[in-house]
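Pasting a structure below so you can have a look.
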Amino acid sequence: MSGSLAALIPLGLTDPLTGVLGLPLAGAIALAMVPNWRHAAVLNVVIAAATFASSLRLLSARPVETSLLFIDDFNIYLVVLTAFVGCTTALFSAAYIGRESKTRRLASRHLRFYHSMYQAFLFTMLLALTANNIGVLWVSVEAATLTTVLMVSLYRTREAIEAAWKYFILCSVGIGLALFGTVLVYLAAQPVMGDGAAAMAWSQMVRRAGAFQPDLISLAFVFLLVGYGTKVGLAPLHAWLPDAHAEGPTPISAVLSGLLLNVALYALLRFKMLIAANGHALQPGPLMIGMGCSSIFVASFMLYRRGDIKRLFAYSSIEHMGIMTFAFGMGGPLANFAGLLHMTMHSLVKSAIFFAVGLIIQATGTKRIPDIRGLTTSVPVLGWTFVIAVLAIAGLPPMGIFMSEFLVISSTFARNALLAVPVMLGVLLTFGALIWRLQGMAFGHPGPLVADGGRRFATAHAIGMVPLVAHLALALVAGLYLPDALVKWFQAVGKLLG
Amino acid sequence: MIIGTVLAGLLCLALVALIFQRRAMGAVYAGCLLGASVLLGDGIYHLVMAGHEEIPAVVLPFGVPWLKAHFRVDALSSFFLVAINLPAALASLFAIGYGGHVPQPQRVTPLFPLFLFAMNGVLVADDAFVFLVSWEFMSLASWLLVLSDHTSADARRAGLVYLVMAMFGTFCLLPAFGLLAGPSGAYGFAAMRAAHLSPLAGALVVALAIVGTGSKAGLVPLHAWLPLAHPAAPSHVSALMSGVMTKVAIYGLIRILYDLRGDVGWEWGFVMMVLGAVSAALGVLYALMQRDLKTLLAYSTVENVGIIFIALGLALAFRDHGEVALSALSLVAALYHVVNHALFKSMLFLGAGAVMQATGVRDLDRMGGLLNRMPVTGVTFLVGACAISALPPLNGFVSEWLVFQSLFKAPTVAHWAMRFGVPVVGVAMALAAAFAATCFVRAFGIAFLGRPRSEAARAAQEVPFPMRAAMAIPAVLCLCLGVIPVTVTTGIANVVEPLVHVVLSPAVLGWPWLSPVSLTAGSYSATMVLLSGAGLMITTLLVVHRFGTRAIRRAPVWDCGHAEDIVNAQYSADSFAQPLRRVFGSVVFAAREEVEMPPPGDTAPARFRLTMTDPIWTYLYGGIVKVVDAIADRVNPLQFQTVRRYLLMMFLTLVLLLLVVAVRQQ
Amino acid sequence: MTAFFYGLLHTVLVLAAAPLITGIVRLTKARLQGRQGPSPLQPYRDLWRLLQKESVIADSASWLFRVAPYLIFVAVWLAATIMPTFTTDMVLTPAADLIALVALLGTARFFTALAGLDTGTPFGGLGASREMYVASIGEPAMLMVIFSLSLLTQTTSPANMIAYVLSGHIGIEVSVGLALAAMVMVAIAENGRIPIDNPATHLELTMIHEAMVLEYSGRHLALMEAAAMVRLLLFMSIIASLFFPWGIAFVDSGPMAVGLGLAAWLAKVTLLAVLLGFFESLVAKMRVFQIADFLGGALLLALLATIFLYVSEAV
Amino acid sequence: MTPADQLATFGHVSYDMAHLIGAVILMMSFGLLYQRRLTAVIRIYSFQAMVLALAAAWQALVQDAPHLYATALIALLFKGLAVPFALNWLVRRLGIHRTVETALGIGPTMIAGVGLVALSIVLVLPVTASAAAMTRENLALAMSVVLLGLLMMITRRNAVTQVVGFMSLENGLILAAVGAKGMPLVVEISVAFSVLVAMALFGIFFFRIRERFDSLDIAYLETFRGERQ
């Protein structure tokens, strides 16, 4: 029974992973009990912070690798990043949700549910990242879907339910296909690795992937690409993404874009590594490049017709996921490095943008872009931060995204100019759309603001600004200077990705 | 390293401006003035010491991790340090007096130092990443400066077009560097120099470099953003954007084509030459039709960039045909014009700013008679107008003379394309020169001469001292650069030496005689012209005052007897341009004039309506917008499908991929 | 030393001879119109008379209005001084090649136009506008003429051109003919002669140059007139020296040759003056907007001249 | 070669059984595609689930992997009995009109289904040349069932039928999983767990849908479709 989930429980308490996985799990249960949403919000922040703190321990001491869980160069920084974004988002939601409940959009029982689900979501994310067993990986991604579905439908509005329904149906099917792919991978591994957990432990498989039945894993990869690709939001599988982002509470939009998409892509990349290790299997590159380009294109043109600020940035997420997929599809040290960097930067900046968007919506009382005007005049600090964030996501220096796009495009162009052209076109189009919208929202004569709720909301606003600024600051630093350890990890992973 | 400290200082200034808002404005601009002056001095020092001391490359631990950030100052970049920081210093000086009068000072002051920072960053960059970061940062800062008057819809439109075009330019340079760096990503300039490219890749690099830098420099047809963005910014910023930022683009082009790429085919020289010719002719023709003083100046920038491109193209063609001496000549001509244009264009923009501060108008037809009211501004603007119209003995003429000299030698490149292309280019450039004169007679004459055309103009006052100084200094410099061409040329010859590996001897005939090509090819000596001119002037004065009366009577204007006092009876900007508009405008801009005559007996005034459209806007950019719109409309329905349809899409994707696998297995 | 002397002599001569040439043109026209006509010396008397009169200046005029005549006159005179006519052995000859000469004339025109605009009268503006319009096409044409000649002679400096032509390197060239034609047309335009402009007219709507100097009087007007006369002589000298350089003396060819060259030059310009008179009597003035076609033709001829050089493999 | 592998060869009873059962499940999928009436659809689904349970049990026997009995039990009780019951209850409670209009005609649907089966066989046959014959057959059948389930979701307009399609897709997954020799329990648990939660969610949804709009026709769920202002 070494393969069963039950084996998760007897993790040694000394194991750093205990904190990382245990805290959110416990938090989920605990928060379900807390009646008062204010306490819940605070507790939420505390638990998330503790999770982040314990995740930092991983940097110093990596746990021993089991057949279920492991930490390697790839997931270590993603774990830390996830814990960090989870923490900051918790802080933001503490500032945000209060306002929502005041405006009677949320009943307190919903909030209770919300906080519990938030921790559950974090747990599934972290489990997915640390999972060594591809089955566990699948389970946690599925669980993540379920939790987010519930949170997306939090406002019981018709739109919210419709979005959640769309999200649920599409992602469940996607997940189903991913499971089929997982089974196929097992079937490919089983003759080589023998029965049992060994044939599902990624770290063991990747060493002997060369001997796997190539056609079988090729087939598996197709299912996994479509399956996990749906969660990544690759066009034409992206349909759920904009609505889910737009109709859910803003903190959820932030974690969806900042974390969930990353995790899905992470899963996909794990399997790409398997294939890359097998010489005779089909080349995943072209498929990923194709999906990436189509995502970039669909997103870039969609942006020109969006009237809803959250959908606007949801589509921009699709575009960036496309860029990453493209980069990993290109492969090679430069492109892979760029892709990994882009993952990090995007999750930081995009969640920051959603923070800003949330505050903006609360300030202006609308999410229709044409009604949002002159933010830099009406709410200067927020407005300018928003401007900086959008410029960062649009790929302007000195933010980190510029570096990754620089590496992707230049290296791609040097290798195959024709492949780079669609990406450049797409990015340029996106840029145009974003700047066009940004100018309309940030400049010009300011539009009306909703009546401000006095000092409490002022402070709430200020607290909400903290994570926003923190993310941007990190992105800025990363754009100028990357710590050597991170670089080494990226390069090591880049090698595995082939 | 001095430059580093100055750049850091500029960043701090931006912070100071951000924190203290308006209170620190004077201090900030003073700081910019100081910084720019130091950089200027440093550049001059390096130029003087060129060859005697090797400046070490500096590596800082940021940027692309395994690459780090490389900085280096060589002769070329130090030349541009001079060409860029001189106007920058003047603009800062101007801003000390002017900064408070712009629409939203708190949106300008913090960005001004950042803008300077970015432009100098481009010059000292020694690897592609730093170069592009600074390049983009430059666009970013100037974009926000353009948007500083963000409540005006025009400014916002200008900003949008500008930033998108800037990004387009970057997306041309980026792959160009990518090709130079190769798949392994050797982004250092040193490595790029050593790189060997396939012919195709080489050609691609050149093409991309031309388009990328051309879009920044305002080369037709990539100029569309320029006349929108430059005027939209506050005048001291416009001066920088027009006079300086375009030069940074030129620097980038020279860096790539002459330094990083060793061998570039003459065909590209030809292409650049033709593009330049088109820009020169069209740009000034546009300028000629404008009523807005700053737009006019912006368009004239297009013209001058065109002239520089002609010279650069010639240099390429010569170099490819082994005519190194001529190549050096054209390159010197180009750089000479770079520094000249940087000077007088920023001076003219500052003048425009002074006029706007004094009158509050930008429309030529609401100015007039300012020469009497704003003597210093008037004189400096006049000098600038003469210089940019290439009138001897000012500096503008010297560089154009050099360009013409090298152009007239171009047929030595024995290829039919050059031989038949060069005369046409010559015509275009000659037309450009003539139009420029007309354009600036119009600009100066309508704005500063005649009777005031509006109350604002009548009430104009001369601007305060710092602004006057900022305009007077370049005026003097224009004269200096004009009358000692040999000295200047010698200096520039040292700059281009590393690029063409030959030192141009600018004066075969000896000091005052600028005779770069050969003993007999032709010579020009501004010094002698000026001296003899002075001599003749003195003679004339003596004669006239000796033999004639000195009596003068002031009287109302005669005007063939029927003088009326209507100021609008004066020639207006539009009416001045009318003949040329009739001849060229109808063809190039589809200009249409409609006159509504009231029926006899009706006392209503006759109405004159003028409509002009820019074909490049209508067809090229309008076309692109149409296409994007159309596709967006086609794609948009994807948002509004039923879940079933989405499932279907998913299903089809899956089946398609499965089929791919199936086919592959067979 | 001789160079200095000849240069001085030339400087004085061009100024001295200019009114005479204008006088000759007027006389020729008068005779052709069957009038007695004034003596060719009349222009001298006119200038002298103007010098004696007080100068009336409009209130609205700025200082530029008073300075302009001097600048203009000096610019034109300087150009005329530099252009070698009877000997190439002059100090200032290398000071400016033909391009610079064109630019000098451009300077003069620039300030003339400004002066026209300065008083803020409709006519002044009209004149300035049309003058610049004519120049905008005429100047390029002249530059192209220079281009073709310089292609042929490998130089842009008039002295060397003359030397090259006289050294007999050039046979009969089609392009030289074309260049000459273009040059003549440009000269007519630049000097505001019929059919472009009529120096004698004061019918407002047809005039160009006269409209600009309308407000001038007294010594300022005298300078303007003198400048016009010198310009006319200068263009005649250019045509004479570049296309018919025979008789022009070189460096260290003795005073005899110089004297000969002097005679030849006077003969040439007188002939040209008479021809101009004839021509002006024959043709009628054209409408303002046809000028573009006229000068465009000149520009095209000049362009053709260069092209023909390649065709005939002369370079 | 483990004894189990020796068993899993052509002509051997264990192989034939597995093959037969798989084929039946596939037939059921076709039945689902073919059937118009809602109640009948539910009934066919429950039957399919039961056969699936049988397959799991058989595999448990053949591979002597006892944990597969658990899977079989889950399939039998939960999917075979509970879910159909719940669905029937829903249909009755909400009083949905009995016959369901399909988006694509039955005939074309069937042809497409056959095409999909062909595709999956083409894909699988060369793949598992090395693997055990049983695995191969199972895989082909399972993939067909998955694809047919997806096809059903596409061709039906009604929420219930879509759910059924989704669940028959899951059946295909489980068929594949049980066929995979010695696959750890993780997968079964996860599948069961996911189906469980999925059902719970559907329940919630139906409840919500009903309290908002009075039918299960998902057209009601597609009026907004994201910022159709």
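We call the chains A, B, C and D, going by the order they appear; numbering starts again at 1 in every chain.
In this section, contacts are C-beta pairs under 8 Å (C-beta built on N, C-alpha and C of every residue); 3 or more make two chains touch, one makes a residue touch a chain.
Please read all numbers here as calculations on a predicted model, not as lab measurements.
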Length of the shortest touching-chain route, subunit A through to subunit C: 2
Farthest chain (mean CA position) relative to subunit A: C
Approximate Å spacing (C-alpha centroids) for the pair subunit A, subunit B: 44
Approximate Å spacing (C-alpha centroids) for the pair subunit B, subunit C: 35
Centre distance in Å when subunit A and subunit D are each reduced to the mean of their C-alpha atoms: 31
Euclidean distance of C-alpha centroids - subunit C vs subunit D, Å: 100
Residues within subunit D bordering two or more other chains: 123, 126-127, 150, 153, 162, 218, 221-222, 225-227
For subunit A, residues contacting two or more additional chains: 165, 169, 173, 177, 215, 219, 242
For subunit C, residues that touch 2 or more chains besides their own: none
Pairs of chains, among all present, that meet the touch criterion: A-B, A-D, B-C, B-D
Subunit B contact footprint on subunit A (complex, rising order): 165-166, 169-170, 173-174, 177, 215, 218-219, 222-223, 225-226, 230, 236-237, 239-240, 242, 282, 287, 297-298, 301-302, 304-305, 332-334, 374, 376, 391, 396-398, 402-403, 406-407, 409-415, 417, 420, 424, 427-429, 431-432, 435-436, 439-440, 443-445, 480-482, 484, 487
Contact set on subunit C toward subunit B in their complex: 11, 48, 51-64, 66, 70, 73-75, 77-78, 81, 92, 94-100, 103-104, 106-107, 109-110, 113-114, 117-126, 128-130, 132-133, 135-140, 143-144, 147, 150-151, 154-157, 160, 202, 204, 214-215, 218-219, 222-223, 288-289, 292, 299, 303, 306-307, 310, 315
Of all residues in subunit A, those that touch subunit D in their complex: 1-5, 133, 135-136, 138-139, 142-143, 146, 149-150, 153, 156, 158-159, 161-163, 165, 168-169, 172-173, 175-177, 179-180, 182-184, 186-187, 190-191, 194-197, 199-200, 213, 215-216, 219, 242-243, 246, 306-308, 311, 368
Footprint of subunit C on subunit B - complex, ascending: 368-369, 371-372, 378, 382, 386, 389-392, 397, 401, 404-405, 408, 411, 416, 419-420, 423-424, 426-427, 430-431, 433-435, 437-438, 441-442, 444-446, 448-451, 509, 513, 515, 520-525, 528-529, 532-533, 536-537, 540-541, 544, 547-549, 551-560, 563, 567, 569-571, 575-580, 582-583
Residue numbers on subunit D that touch subunit A, as the complex places them: 123-124, 126-128, 130-131, 135, 139, 142-143, 146, 150, 153, 162, 166, 169-170, 172-173, 176-177, 180-187, 189-191, 193-194, 197-198, 201, 205, 208-209, 212, 218, 221-227, 229
